[in-house]
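The following pair of complexes shares a single chain, chain A, combined with chain B in the former and chain C in the latter.
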Partner chain A sequence: MEENQSILDLHVDQTASKNLSDATRWAKFLSITGFICMGLMVIFFIAMQSQITSALSQVIPGFSDIDSFGFLVTVIIIVAGIVCLLLYFLFRGSMLIKKGIETKSQEIFNNGLAALKAYFIMSGIIAIIGLVSNLVSLF
Partner chain B sequence: MEQQNQNQDPGLFGLSIDTAGREHLIEAAKWARFLAIIGFVFIALFAVFAIAGGSFIANMFGRANQFNEAGAGFTTGMTIGIIIYYLCVALLVFFAYLFLYRFAVNMRMALQGNNQELLNRSFQNLKILYRYWGILTVIGLIFFALFFIIAILGRASM
Partner chain C sequence: MEQDVENSLFDLSIDETAKDHLRRISSWTMIIVITAVIGYVVAIIKALMPKTQGTQSEGFGISINTGQNLGSVILGILIGLLLNYFLYQFANLTKRGVNGMSQTDLNAGFYNLKIYFVIISVLVIIVLAFVLLVLLAIGAKAAGK
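Now for the complex of A and B:
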């Protein structure tokens, strides 16, 4: 990795490293907050099982059985898992970019950029799925 | 001037955007631009629906007021308030997508033209984007905590 560096390359100068350090600090905060919120959401759904079941059984007929709630919890856990995977890429990217800047390691820095790329790709795929599902529900 | 030169000093053994890093950033910028454009479209639709939906609600409750039906207390002022609230939400989200778009566009141009200034501007927009979401998250968490405390106090006083 290191031997790829040339004078013509773009560089992570002081301004760029300061901006990236700040960005990674906020990205780390966002990802940790996201992990906590997802965990709390799953715990809330499991803890409030009886209230949620009774509330939904009034709206959706036949929701009162335990299987329906089990299905709902499964969906929520899958959604939370997808969001956590997305946040993991953000967290990993922020940690590696910060570490790469601190240790001046090109390999760690590039791994951080790869995680950031994975985060944007996954966000894009989720956006496409959301877009398609919205269009399908319209027609 | 001296400080500017110091800031732009790459450092002979510092980090650089090498071939691997460049590929990652090109791909990230491409997806970020796509996300930003989708975000702009959704915000525009959201704003249109907010205004159209608000007018619909105003008409509906205006009729309710006329015939003294249920929902007669709902005034035009309240409808305008709801429209303004949704437009403010749209504006807040719009800025986030604007920073994302700027990050993507500056990054692409920086990598195409080997332009250090654009690269720095791109990373600056990435910083602003995450700081913006971070501040909004902190504000959201404060509101949530306040709501939670008020709900507990309300239940305790009953």
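Now for the complex of A and C:
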């Protein structure tokens, strides 16, 4: 009876596994590129400290002191941390889904889907926050 | 036929946990698509609004409105709409596949997810190549001085 149920149920067949493997390969590429870009951005901001401070002090009055730059770096590190967490979910999801398909492990595959779900939930929350701030700036 | 049945027995199955994850993923991707489309409408409204430079705002010194031109906004929206179309297709087909037990819809959903990631990756590669070119140009200019 259970065997019949399993035949009639949805499966990760050859087409699905090929599409998912390709998707996870690109997702892995995106997450690794994102990690590298985030790291480079933080290094760039710390290395170009004096140039950025002088450029911003011309635009924003009172931005010349070191505390203002410290605040800016803190904001950038927080943003980079959030983006890295998002990318971590994407990376984890792509790794686990691929591993689950290769080893035909249901548990690993489900864990991969859970990580991908976390990635899309976080993206959705960020998108909502972005939209709200966009709407607020409109009025 | 027998081979197919044997294959499906050894395939990974989309069990209840996986179905629940896929349903949630579909719901959230749909939220992302709707949010993005509303965002595009807001972006068009903003681009059509008269631009003000250096307006005084309360409590935070001067706020600078750089003002984007309509062309770049439309280009951004077109790329965004293309991306969100595949994300929408993924959400729609996956949900339909899981709820209606349709293997074809589920496979089509995964295919659209693949296309979505491929397009983002290609865009990222183009942007990185452009940034690299700009950096090389700046470096060459600095070396020439």
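Quick note on the criterion: the second predicted complex is superposed on the first by the 134 of 139 C-alpha atoms of A that agree within 3 Å, B and C clash if a C-alpha of one lies under 4 Å from a C-alpha of the other, contacts with A are read in each partner's own complex, and residues count from 1 in each chain.
In this text, contacts are C-beta pairs under 8 Å (C-beta built on N, C-alpha and C of every residue); 3 or more make two chains touch, one makes a residue touch a chain.
Since this is a predicted model, take the numbers as computed values, not measurements.
Novice: Superposed on chain A, are chain B and chain C clashing or fitting side by side?
Specialist: Once both complexes are aligned on chain A, chain B and chain C clash.
Novice: On the A-aligned overlay, A:L138 touches which partner chain: chain B = first, chain C = second, or both, or neither?
Specialist: Once the two structures are laid over each other on A, A:L138 reaches chain C alone.
Novice: Would you sort A:L30 into first (chain B), second (chain C), both or neither based on which partner it touches?
Specialist: Both chain B and chain C are touched by A:L30.
Novice: Look at A:K117 in the shared chain and tell me whether it touches chain B only, chain C only, both, or neither; answer first, second, both or neither.
Specialist: both
Novice: If you stack the two complexes on chain A, which partner ends up touching A:L72: first (chain B), second (chain C), both, or neither?
Specialist: Neither partner.
Novice: Thinking of the overlay built on chain A, is A:M41 touched by chain B (first), by chain C (second), by both, or by neither?
Specialist: neither
Novice: Given the touch rule stated above, what does A:F109 touch, chain B (first), chain C (second), both, or neither?
Specialist: Both: A:F109 reaches chain B and chain C.
Novice: Looking at A:I60, would you say it contacts chain B, chain C, both, or neither? Reply first, second, both or neither.
Specialist: After superposition on chain A, A:I60 lies in contact with chain C alone.
Novice: Residue by residue on chain A, keep only those touching chain B in one complex and chain C in the other, then list them.
Specialist: On chain A, the overlap between the chain B and chain C contacts is residues 6, 8-17, 19-20, 22-23, 26-27, 29-30, 33, 100-101, 104, 106, 109-110, 113-114, 116-117, 120-121, 123-124, 127, 131.
Novice: What does chain A use to touch chain C in their complex?
Specialist: 3, 6-17, 19-20, 22-23, 26-27, 29-30, 33, 59-62, 100-101, 104-106, 109-110, 113-114, 116-117, 120-121, 123-124, 127-128, 130-131, 134-135, 138
Novice: Under the stated contact criterion, what part of chain B meets chain A in this complex?
Specialist: Going through chain B, the ones touching chain A are 6-11, 13-22, 24-25, 27-28, 31-32, 34-35, 38, 110-111, 114-116, 119-120, 123-124, 126-127, 129-131, 133-134, 137, 141.
Novice: In their complex, what parts of chain A are in touch with chain B?
Specialist: 1, 4-6, 8-17, 19-20, 22-23, 26-27, 29-30, 33, 100-101, 104, 106, 109-110, 113-114, 116-117, 119-121, 123-124, 127, 131
Novice: Can you name the residues of chain C that touch chain A in the complex?
Specialist: Counting only chain C, the residues touching chain A are 5, 7-15, 17-19, 21-22, 24-25, 28-29, 31-32, 35-36, 38-39, 42-43, 45-46, 61-62, 64, 97-98, 101, 103, 106-107, 110-111, 113-114, 116-118, 120-121, 124, 128.
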